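The structure under discussion appears below in the form of structure tokens.
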């Protein structure tokens, strides 16, 4: 996934500007020459300069590289990446309600089915074993309070 | 017939489940989470971990200590306040709960909690290098009066933190402009003390126990503590009051839950906490670290926090450290 | 003296203590190999267990756990390009490329043996020179720390690959992420977008997991760098583990010594630990190397230096902790609490009152590092089996482990969100030639630089010359500025030569 430097440079330029503007709103520390805005200001200016440089060099090479090059990625692979991202987003959204075991099971099983192009049942088995093993190791041995959720009781460990 | 058997077994399972729930209804029946708003390895964390393991022995369920750090304590304190008030999430409150809302960082106050027990209070001290020419706190204050403002620097915690207030309040009470000794914010007492020894600052107003190892190593001495009475672990260190300055300030730690904890939970936990507080293990631990012991039950603890909140607020306003 | 030493030996070589160390070692290997679980967390988890132990087994358990955990971070780093602990992040690219070349045995074998050597050097320095070195560490004020952190940041110029401007953007991005949260200098919330969670700042661990693991999963799914259809990489071969690794270490033996000494030195300094030790020694190794261009392409030389350095820093960190009760890193911060609990109050008195306990701790360090050899070998052999699993089944399992790891650092789903966001950003960055290493370095060092700069300015009443007034600060600052000048001169020369080549 190649994006032309000019586009990324413009994005970096805007990001630097946003940091700079936000930093202007920080109050000065009483009696001090430098306040909490100093480092963000330096960072913002640095990003803007680098962004300008990238815009210039990207603009020069736009005929060679094009704007966005995704030709190497087939539709199936877009779906693979989407499945991976959805698994994480879904886990974040559902874990508190479903609890770790169910949300984790979905987040492990569904992308696995997609990546392996099928194998519904063996994937389910792998995902189930993984999630139960993690639940045991993290909740009981490492005392990490994984989300419990409202749907399932705590497993017997 | 088959259907009836299935129905029957279902009913039996449901009934068993209900029974089990009835039998387990006694609090606590599952692990308790104890949130610490400060990092692993610090003083608050150490007290929470010993409390946690003693609670675990007494209650018979696991007590997991969970560090929720960052944001000068705001993150952890708000995690305790917003937890489900079912008694399975408790936390350690520290003196900062009475400071951060004055500083404008959050709306949280002590009223967002159900207090259970206050178990520790440590007074601020005045620490200088042991080869310093100052031998009493008066000599230090005279030096500050005589010198150009800004000559001497102090450290021990972040900007507007508890030990910063301790210094500023002491100076004000002694009739000196608090800005005469600029505060060098640090990430805590240990980095501040290290900077004292490295020659970076001149005085560190953290608690005496925090300076204990450097005092024992002969690098640092304590000129005074900001308490009404001397600390039994450090009987040679006079109080500020003995030097004629009526100023006391200390950090405290207590255990609490979110507002609205059921009475049943409170009445189960408070006697257990009182028992733990009196136990040899807890006493030995606290003495070993030099942490001051105090015990206040829910009512006194709430009143204590209200008083602490009001006095911190007035000091911070007087010093210009409160948000407008 | 010999009585004390004898007593110390019998304290450590007790079946119970050795058994505790073995169990703690296995625990450390597991925690270290899990992305998101760090050596610090492993130590914190041991605290309640140590309540019920005698001082020697309690401290030996921590020593064993941390030594194993720091090495174990190399395992997922080399095999999956996901560092298990931050201390393995510096050289993860080299280790992973070796794996892709079918040489994971060499990568892990070198890492293991260097870890053991580094750990032994750190332990030896702790045992023989602790009091004197602690004095030096205590002389470091904020001026010196500012220069030290700045020096660390210059390493970004050495660990960066590709176009300098992109490395610069990456570094600034890391520094920016480090400014998010409440600024301790002024108590001012910065870039928090009104979120309480962001007030606490962006935790380093979820950020690191995202930037390495999530971006790796995406890259694999999209198959953009050819990794997807690459032949299944061979698992570590037993014969690769020993002889080729020893040969590599023999070739770069100065690197082993250099890494061990740099690692110990950085460990001794309060506030800098195994991760910074690994970064700095990787950069030094590249700077000193005869073949710096090979770094980052599957070259074993950087692994030698930084693999030794991160384990060496563990022993170093105990120096100020034992002598003055000032933690050398986040692990020893917890250790100090345990020392107090066991009545071994840190300070000179512990050396006089309980020398046998102290010697026992030193001996435990040596035993733990020697124990690392067989346990680490077993871990490499069993962890290597993972490479047999088809990637389609492995990737979702890695993803769920990463989510749990990102969750566990602060026990909140917010960590998972940070992991996701930074993972996507890092993916886009790497696809377009922005190296990730400078961003990680900026994230590690950002707040250290800013804090020490601000503290120093308050102390110096705004006088910038104060950064050169103290002799120690002037020395470190001078070296740093000299390196900047060298880098600048080199860049100008290269640019001139390139320009000359075009016109001529």
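Brief remarks follow.
Note that the chains are named A, B and C in the order they appear, and that numbering of residues resets to 1 at the start of each chain.
Everything below uses one rule, namely that contacts are C-beta pairs under 8 Å (C-beta built on N, C-alpha and C of every residue); 3 or more make two chains touch, one makes a residue touch a chain.
Fair warning: this is a prediction, and the values are worked out from it, not measured in the lab.
Contacts between chains leave no pair untouched here, as each chain touches all the others. Ranked by how close its C-alpha mean sits to the mean of all protein C-alpha atoms, the top chain is C. Chain pairs A-B and A-C differ in how many C-beta pairs they share in contact, with the greater number at A-C. Centre-to-centre spacing of chain B and chain C amounts to 31 Å, using the average Cα coordinate of each chain. For this pair, chain A with chain B, the centres built from the Cα atoms lie 36 Å apart.
Our note on geometry: chain A versus chain C, Cα centroid distance of 23 Å, whole angstroms. Residue positions 29, 143, 145 of chain A are each in touch with at least two other chains. For chain B, residues touching at least two other chains, in rising order: 66, 159, 182. Touching of two or more other chains is recorded for residues 41, 185-186, 411, 454, 458 of chain C. Listing the residues of chain C that touch chain B in their complex gives 40-41, 43-44, 47-48, 51, 138-144, 181-182, 184-187, 189, 196-197, 199-201, 203, 270-271, 323-327, 330, 333-334, 336-337, 340-341, 343, 345-349, 410-412, 451, 454-455, 458-459, 461, 470. Interface residues of chain C, counted against chain A in their complex, comprise 30-31, 37, 41, 45, 165-166, 168-169, 172-173, 175-176, 179, 183, 185-186, 188, 190-191, 214, 217-218, 221-224, 228, 390-393, 395-397, 399-401, 403-404, 407-408, 411, 413, 416-417, 419-420, 424, 428, 431-432, 446, 450, 453-454, 457-458, 462. Taken in their complex, chain A has these residues touching chain B: 29-31, 143, 145, 154.
Those residues of chain B whose C-beta lies close enough to touch chain C in the complex are 39-42, 45-46, 49-50, 52-53, 65-72, 74-75, 78-79, 103, 105-106, 150, 153, 155, 158-160, 182-187, 190-191, 193-195, 197-201, 212-214, 216-219, 285, 288-289.
In the complex of the two chains, the chain A residues touching chain C come out as 1-3, 5, 8, 12, 19, 22-23, 26-27, 29, 32-36, 38-40, 43, 46-47, 50-51, 53-54, 72-73, 77-78, 80-81, 83-85, 87-89, 91-92, 95-96, 100, 104, 107-109, 111-112, 115-117, 123, 126-127, 130-131, 134, 137-138, 142-147.
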